[in-house]
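After this come two complexes, each holding chain A, first together with chain B and then together with chain C.
After this line comes the complex of A and B, so read on.
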């Protein structure tokens, strides 16, 4: 019995490994092949076509700008929300529940919600008209107002994606032992010192997961941008979608997909290196 | 444990590969896709023809699905409804049933022979039956007419007059009042292929980088100063028209219909403007075809017969704004909005300088990249203000490569070519 037992764990994970191989690794390899082949022979043509496209540089720039603008803000907001809720006794669950509502809304729906607010005849313009700030409808989402468009997309993304960061951070905060904080308080540490010296280092694993998750998702941003900006604000996934769907060129679409994967992997590696987690604190 | 697992694997495999039981005639269409239109098809147009499953598909996915079914040798689709240009690659691969008997009956019943001949797609047998037709027109709020430049006839506008009109409207209202559907799902590429290029250059592909084209782009830049910048977000012009964001718009009749039908007294509908080479316009013909190996050929034939009866054709016109392919007179009590659109279509076809531009044919699955050439040129020249000559040169090279790759011969209004259509 004990002899057999050693391979039982492997047997148990076998189905999921097979599942992954079939539905993840095979398509991955196919995509890589699609990206770097042309009519069945290896070729960099698709990658070259991708880089020569008029929207390529803009989409790379936009995606990175959006990630840089959105992720730190989300992390900061999530930390504030998490710390705030830690002090609450009764009603904590309700507050958390309300805060996580955006999580249950699909990307596209979130984009459409913000579109209804920010479009020419939307709520925001109506409000400004009503207050007399504007004389006539202003457009916020056109190619002539890139800054407003960027800001609108960033706000929509922050609204939509902060909840997931907060959930992870709250889980991390729950694991910080009370004794540490109490000990620090006895030694006269103020709230800031306690936050910087105790809480932050102790929630490192949570921070790491939250950052990796959010950054990868930020690089894959699409539906919100599509709803609000359409073609005015090209991003990497949007370009992959356009090449696949509108232009029917699977090769270039695959090249974009591979590029997004490389960027996401690189970001993950950077976080793994930059935010070191003690091995004994790993699950 | 093992037994259970193997049972599980076998069961899931069987479930994954078992094809669904087909009790209905599957009708896949790239036309009448928006939910309101699809509902009209399901609940009104296809009533009393048995059990039909009306499925809508975006044009690119349609091509992929048809090709996948052909390669697999298993057809689930019994009837397809698509544009002339979307059906042509299917006919090229010889995957449509000949429909000559149906065509004969319809010719006797009053379908114009010229239209039926389009459905042969250059072959000796009938490949599809013309189902409905449409085109693109301009619509304007009546209050915009007061700003029309003096001496201009709205039914015979030129580009210069349109620019002048746009300028006056902007000065009077403080906002650009002309709109184009240049959003991600808008049909702006058709504007370039069927209206802009033919009007300014008399061609679509051959003349792509000509001096005439460069002059045309200059005009478009001048016009764009009076075009609402939100145009790059507009997909269907009926919404911005109805919402009062623009007063004048160009779009497909079916994409203007809701606004105009809702308030027919508020609008005028008229032909697109003319350029130095004439008034380019693009007729759109949608056809019905039966794929080879269709599971329910009889059911499909019955649906075609039903959809091409005069009553259903008129119902189609009044409910979704596509016009009959049969030679039937539109009734007096037709939806006033549709009557307005029909009037503009007739005015376009009857105008002395009308210049027909056909939908691109022979591009296969490269239709999207063909559109992209025009949209990229537009983005670079008009939106990003890049030098016209440089843009036309690089985009012209892309276009030339596309033509050699697909071996697509020229179509009207370009002069016929022996091989792939050249970019001169």
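After this line comes the complex of A and C, so read on.
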């Protein structure tokens, strides 16, 4: 590493620092100010108004339930995918490509994809009719069927968001030295022991990044919900959107945004504490 | 790897049943990804009649390109498609122009504040986009950037830039330092050495980074919807007309969003794991 001419690296990072200061740090502080002020004076009015909103409790509950339902399933599927693909020689590339396709699909598009399956005259109902479970079209996405709507949204989110977890997990698995597993095998460890005792601890950094990224994204869930259920299933980002666009109340919208930020940061800290990683292996 | 499992697993019948289980699992997961895309394509190409056909078979009957073309001709669709391309173009250009130099600095220099810089970059990933989009509406109105493609491109760059910096760092680290030093010895300046030696070797990785920046911008919904009124991107357009458009239009919109992304992910599939391996190291 070069130490002389030390102004060069600063010159190189300066544009990106200036950009992020202007379009990341400044707006961040502005939102916090917007949320906790009223007509230019510090005030809890916006936060109070947010909490008094009829959709507030439901949107908090829905967002949390969705995250709790979706993230563990995605992690489990990603681990299964990673373990499976490690046993494949030829065709590995193609399989991995197919599994990463949802990575390029937006949450809005994912919502629309599952809408085509779950709408009243859609493929899911057709299948159930074919199996003799249903006699006529059932509706799954209305406000009268909150549980079915919840599962529909969860399935769409799992379908779309598993790819990113899988990519991070497979990248992590690739970095595990083969010798570790072979040694364990020689000493008689079965597949389960090998997985729990060798593989899982060694891919901790990957697990940590995947969990943080996925959880933060799950708290931001919005377009999938909107495409499938409209406003029948309130979530936090959806409420921020409504307060900003329909109600034109930037203060309450900002309060929602700050709440999402606090939850995301809390989740990140919990993961950082719970899954201990060598400081040297952090990103 | 596979040879090992085979030799350890004992009787041949047991081995083949395990292989069978593995491959059926893989096939099921592939179908889980692909079948929904196939079905939304049927929905997009089936038109009005296709939507109400009951019960559906899942076979491509009565499918034609006409409903999709009709959707493209709907007022606003083509314009929002072009807007999406424009915003993504700005995002790609800015995130590479600003991110790649930072990536190079991170890869080649040890400097004071390097860790703080990396922390700043990583922090952007932990914050919801909503928190940026809301106050930017106000600032953008003042600056005349509200409801413009440049404004959308700027905020999408906030998403793509950290990613570009971290990924290009890994790419530049992969270019041997000795090659660059050899060029200096032969009389190249640092700038010349960079453009003659490093840039060509790093180019494929940088192209992959650009594709990712493109997909990030192409798929973003929230900020684009909040920051535009008339000049909507495709995602923002679809979101706002969602409740009033007929089902087959929604499916056509979904298919139109999916197709470019799938093509792009295919183009960079070789880099996917390398990129995440690097950035999660």
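Following the convention adopted for this analysis, the second predicted complex is superposed on the first by the 271 of 283 C-alpha atoms of A that agree within 3 Å, B and C clash if a C-alpha of one lies under 4 Å from a C-alpha of the other, contacts with A are read in each partner's own complex, and residues count from 1 in each chain.
In this section, a contact is a pair of C-beta atoms (placed from the backbone, for glycine too) under 8 Å apart; a residue touches a chain by one contact, two chains touch by 3 or more.
All of these numbers come straight from a predicted model, not from anything done at the bench.
K.L.:
Tell me which of chain B and chain C touches more residues of chain A.
P.N.:
Looking at chain A, the partner in contact with more of its residues is C.
K.L.:
Answer with first, second, both or neither: which of chain B and chain C does A:230 touch in the superposed model?
P.N.:
Both partners, chain B and chain C.
K.L.:
After the superposition on A, what does A:189 contact: first (chain B), second (chain C), both or neither?
P.N.:
So A:189 meets neither chain B nor chain C here.
K.L.:
Should A:141 be classified as contacting the first partner (chain B), the second (chain C), both, or neither?
P.N.:
first
K.L.:
Looking at A:275, would you say it contacts chain B, chain C, both, or neither? Reply first, second, both or neither.
P.N.:
Neither chain B nor chain C is touched by A:275.
K.L.:
Would you sort A:176 into first (chain B), second (chain C), both or neither based on which partner it touches?
P.N.:
neither
K.L.:
Look at A:248 in the shared chain and tell me whether it touches chain B only, chain C only, both, or neither; answer first, second, both or neither.
P.N.:
First partner only.
K.L.:
First (chain B), second (chain C), both or neither: which does A:15 touch?
P.N.:
So A:15 meets both chain B and chain C here.
K.L.:
When the two structures are overlaid on chain A, which partner does A:60 contact: first (chain B), second (chain C), both, or neither?
P.N.:
A:60 sits against neither chain B nor chain C.
K.L.:
So which bits of chain A does chain B touch that chain C touches too?
P.N.:
Common interface on chain A, chain B vs chain C: 15, 121, 137, 226, 230, 245.
K.L.:
Can you list the chain B residues touching chain A in their complex?
P.N.:
Residues 5, 58, 60-61, 63-64, 174-175, 182-184, 228-230, 232-233, 243-245, 365-369, 371-372, 376, 379-380, 383.
K.L.:
Within their complex, state which residues of chain C touch chain A.
P.N.:
Against chain A, the touching part of chain C is residues 1-2, 5, 8, 22, 25-26, 29-30, 32-34, 36-37, 39-40, 42-43, 51-58, 94, 97-99, 101-102, 104-106, 108-111, 113-114, 117-118, 120-122, 124-132, 134-139, 154-155, 157-158, 161-162, 165-166, 190, 215, 218-222, 225-226, 235, 238-239, 242-243, 247, 250-251, 253-254, 257-258, 261-262, 264-266, 269, 272-274, 276-277, 279-281.
K.L.:
State the interface residues of chain A toward chain B in the complex, per the touch definition above.
P.N.:
15, 54, 120-121, 136-137, 139, 141-145, 226, 229-232, 242, 245-249
K.L.:
If we count contacts the way the header does, which residues on chain A are in touch with chain C in the complex?
P.N.:
It comes out as residues 1-3, 6, 8-10, 12-13, 15-17, 19-20, 23-24, 26-28, 30-31, 34, 77, 80-81, 84-89, 93, 95-109, 111-117, 119, 121-123, 125-126, 129-130, 137, 159, 167-168, 170-172, 174-175, 178, 185, 205-206, 209-210, 212-213, 216, 219-220, 222-223, 226-227, 230, 237, 240-241, 244-245, 250, 253-254, 256-258, 260-261, 264-265, 268, 281, 283.
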